[in-house]
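Here you go, one structure.
By letter and in written order, the chains are A, B and C; residue numbering begins at 1 in each of them.
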Amino acid sequence: MTVINEVFTWLTDPAQWSGPDGIPVRTLQHLYYSLLATAIAAAIALPIGVFIGHTGRGALFAVNLTNLGRAIPSLGIIILMFTLVGFGIVPVLVALIALAVPPIVTNSYIGIRSVDRDVREAAEGMGMRGRQVLWQVELPVAMPLIMAGIRTSAVQVVATATLAAFVGLGGLGRYLIDGLSQRDLAQVVGGAILVAVLSLLTELVLGRVQALVVSPGVAGRAADAAVRAKVEKAA
Amino acid sequence: MTDGPTPVLAAELIRWSWVGRHLDDIRDNLVQHVELTGLALLFGLLLAFPLALAAVQWPRLYGPILGFTGVLFTIPSLALFILLIPFTGLQIQTALIGLTIYTLLILVRNIVEGLRGVDNDVREAAEAMGFTRARQLFQVELPLALPVIIAGVRIATVTTIGLVTVTALIGWGGLGQLFIEGFTLNFSTPIIIGIVLSALLAFTADLLLVGLQNRLTPWARSSGR
Amino acid sequence: MRRIRLGGAATAVAACLALLLAACGGGNDALEGGSQQNGGATVTVGSTNFSEQLILAQMYAAVLEKAGVKVDTRLNLGAREVVFPALEKGDIDLLPEYNGSVLSFLDPKATQTTSEEVNTALAPLLDAKGLVALDESPAEDKDGWAVTKETADKYGLAKISDLKGKASQLVVGGPPELKTRPAGLPGLKSVYGIEDFKEFKALDAGGPLTTSALNKGDIDVGRVFTTQGAIAANNWVLLEEDKPLEPAQNIVPIGRKDAMTDQVKQALNAISAKITTEELTKLNKLVDVDKEDPEKVANDWLTQQGLL
C-alpha cells in the first residue's frame, strides 16, 4: 500500500529529525508535558492514597476513584481550562493531572491496605509507632502496587498528551493536528506510530524502575508467603 | 495588552438562560452519546467473545492477541478516527469502528482473565459429569467468570463514554459537541454542561452495571469485590 | 427546531452489521439515516465549527424549507479538511463556502486574487468532483492580519507593508498551512518583501487559539478573518491590505450537482444577493460576542430582509 510507503518515507526523512519541528524536539516537548503532569499528579495522589490506606477512612472513595476518573473527558477539561485561562500550558497540565491522579490514588490505597495484618502487627509488636510503621513497613511493602499505579498513569498520560497540540502547543500531537490540517495522511500515521512507541517505551522503562525500586525482600515475599502457607497447612 | 479571554465570558461560568434555551440540543446530544456508547459496547462484546474463547482454547494465541490489542490501545484515539475518515467518511461507522476497537481491547482481556480464573477442579468436575464443551462453557465457566467479565464491561463502558466525546472532532461526539461549541464560541457554559453530564452518565452506567453484577452473581456477593 | 439527525438506532445497527459483513467503505448511500425520506430528495446542509458558518447554514436551511424543500442539517462537523470530503462523498449536499479558500484547498498552489479569476479557476475543479458553486455574494470574509492596539502603537502598524523591517521582532500565529500557502507567509515575502518573522506558531484559522494567543501576547501578529466579531470586541487593529495578495473570499454556497435543483438554486441565490460584508460582520458579533443563537440570528435577519 502506498500509504505505508509514504509513512515510511516520512519517518525516515532526515529533515524530519532536525529543527524546531523535528521529531526529537516534539518528543522532548511531549515528554516534558507528560513528566510534569505525572510528577504533580503523584505528588497530589500518593499522600491521599497512602493516607486513606493507612487510616482506612474514605475507602469507598479511593476504590471507586479510578473507575470514575476514567469518566472525566480529557478533551472537555482541556477545552474548559483553555476557555477560562487562555493560551498556555495550564490547560494541558490540568487535564493530564486529572487523568493521572485516580489510578495512583486507588493503587496506593490498595497497596497499603493489602499489607498483611501479620506484618503490621509484627511491626507494632517491635515497638514501632504509627508513622514508623507507615514509612518503614507499609510503604516498602506496598511499593509494587504503588509503582503499578504510577506506571498506568504515566502510560495514559503519554498517550493523551497529544491533546496539547489541540490547544496550540507542541508535542507529538502536532503531527496529528498539522497532518489533518495539511491533509498529509503520512504525517498523521507517523505521529500516531511515534506516540504508540513512546507509550510502550514508557511502560517498559517504568517496569524496569519498578523492579529496581521494589526491595528484594518484598519481591520475594510472594514466594515466601506460599512456602509459609504450605508449612502451616502441614503443621 | 489585555490578558485572558474576552471580558464577556469571564463574568460567568454558567449562563443558565443558554441552558434553558438549548435543552433540546442537549438532550439530542445525550441521546446520541448513549447510542454511540451502547452500540460500541454491543459490537465490542460480539467481537470480543470469539476472540477471547479462541485465546482460552489455544493459549498460544493469548500472548499475541494481548500484545496486539495492547499496542492498539496506545494509538491516540484522535489519530484512529482521522485515519478512518478517507475510508468511511463522516458516517457513523467511522466513530463506531474506532470506539468498538477500544472496547474490544478491554473486553477481550477481561473475558479471558475471567474464564481462566475458573478453578480447574470445577471444570474437571463438569467434564466428569458428562457436560459437553458447549455446556461447560455456558453453564459453568461463563457464570463463574461473570464477575470479572462485568468488571471489564464496567471499565469499557466508562472509558467509551469518555472516548465518545473525542468523536466530536469528526462530526459526531454526543455530549462532546458541547465542548466544540464552547470552544469556538469562547463560552464556558456548554463545556461545563457537557463535562457534568458525561460524568453523570458514566457514574449512572457504572452503578447500573454494579447492580446487574450483583443480581447475576448472588453467590459472589459475600466475597465482596 | 432542526436537530442533528442521527437516524434510528435500528438503522445504525443495520448499517454497522452491513459494514461488518461487507468490505469496508462500500455502500455508503444506504447508511445515512434520515436522509432517505419518501418523496423528494432531502438536502443536507453542513457546516464547519465557526459562528459565521453556523449562521449561513441556518439561513440556507430556513429558506430551503420555506421553498418546500426537505432539509436536514449537520452542523459543527469540524474543520474543512473533515467537512469538504463529506460533501464530495455525499454525506452532506450543501456547504456555505468562500471561493478563495475552496480554491486553495483544492489547489494549494493557486495564486488568483480577483473574484472573477478565482471563480473561473474554481469551476472546473468543482465540476470534476460533481460539485457546483451557486451565485456568489458580494459579502466577503477575507483572511487578514491583526495586531493588538498596543502592538500597533508600539511599532507603528496600520497597513501590512508596515510590517517590513519589523517582522523579525514579531511572533506570528495562524493555521499550520500558513507556512506553505501562497497567500500566507510566502506571499508576504514575495509580494510585500517582508522578511521572516521571529517565530511562527501553528494555531488555528482565526479561531479561539489565535484569539487567546494574540490577547495574551504569545503572538504579536495573528491570522484572522475580516468579519470576525473578535476584532472589534478586542480592539484589535486589522492591518490594511495595501497590495494584492489575498484571494477574494466571496460567500458562495457549494453543493452537489444532483442536489442543486432550480428550486434550491433560486432560494439560495436570493440570500446571496442580499448579504453584504457589513451585515455579516454585524451578525457575527451577535453570535460571537452577545452569545445569541445562530439559528435565531439567521431567522431574524431573513425575516428583516423579507426572505422568510
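Note that contacts are C-beta pairs under 8 Å (C-beta built on N, C-alpha and C of every residue); 3 or more make two chains touch, one makes a residue touch a chain.
If you're wondering where the values come from, they're calculated on a predicted model, not measured in any experiment.
Visitor: By CA centroids, point me to the most central chain in this structure.
Guide: Checking distances from each chain centre to the full centroid gives B.
Visitor: What's the farthest chain from chain B if centres are computed as the mean of the Cα atoms?
Guide: Max centre-to-centre separation from chain B belongs to C.
Visitor: If you average the Cα atoms of chain A and of chain C to get two centres, how far apart are those centres in Å?
Guide: Each chain reduced to its C-alpha mean, chain A and chain C end up 40 Å apart.
Visitor: For chain A versus chain B, what separation do you get between their C-alpha means, in angstrom?
Guide: 20
Visitor: How far is the middle of chain B from the middle of chain C, if each middle is the mean of its Cα atoms, in Å?
Guide: Inter-chain centre distance comes to 34 Å.
Visitor: Which residues of chain B are in contact with two or more other chains?
Guide: Residues 3-5, 86, 168, 180, 183, 186-187 of chain B touch two or more partner chains.
Visitor: For chain C, write out the residues touching at least two other chains, lowest number first.
Guide: Each of 82, 208, 212, 215-216 in chain C touches at least two other chains.
Visitor: Note the residues in chain A that touch 2 or more other chains, in rising order.
Guide: Residue numbers touching two or more other chains: 82-83, 86, 180.
Visitor: Looking at the complex, which residues from chain B come into contact with chain A?
Guide: Listed in rising order, the residues are 3-5, 9-10, 71, 73-76, 78-80, 82-83, 86, 154-155, 158-159, 161-162, 165-166, 168, 175-176, 179-180, 182-183, 186-188, 191-192, 194-195, 198-199, 201-203, 206.
Visitor: If you look only at chain B, which of its residues touch chain C in the complex?
Guide: Chain B reaches chain C through residues 1-6, 8, 15, 18, 21, 24-25, 28-29, 31-32, 35, 38-39, 42-43, 85-93, 96-97, 168-171, 177, 180-181, 183-187.
Visitor: Applying the document's contact rule, which stretches of chain A touch chain B when the two form their complex?
Guide: Result: residues 67-68, 70-77, 79-80, 82-86, 155, 159-160, 162, 173, 176, 179-180, 185, 188-189, 191-192, 195-196, 199-200 of chain A touch chain B.
Visitor: Given the complex with chain C, which residues does chain A contribute to the contact?
Guide: Residue positions touching the partner: 82-83, 86-88, 167-168, 174, 177-178, 180-183.
Visitor: Which stretch or stretches of chain C touch chain A in the complex?
Guide: 79, 81-82, 173, 175-177, 180, 201-204, 208-209, 212-213, 215-216, 218
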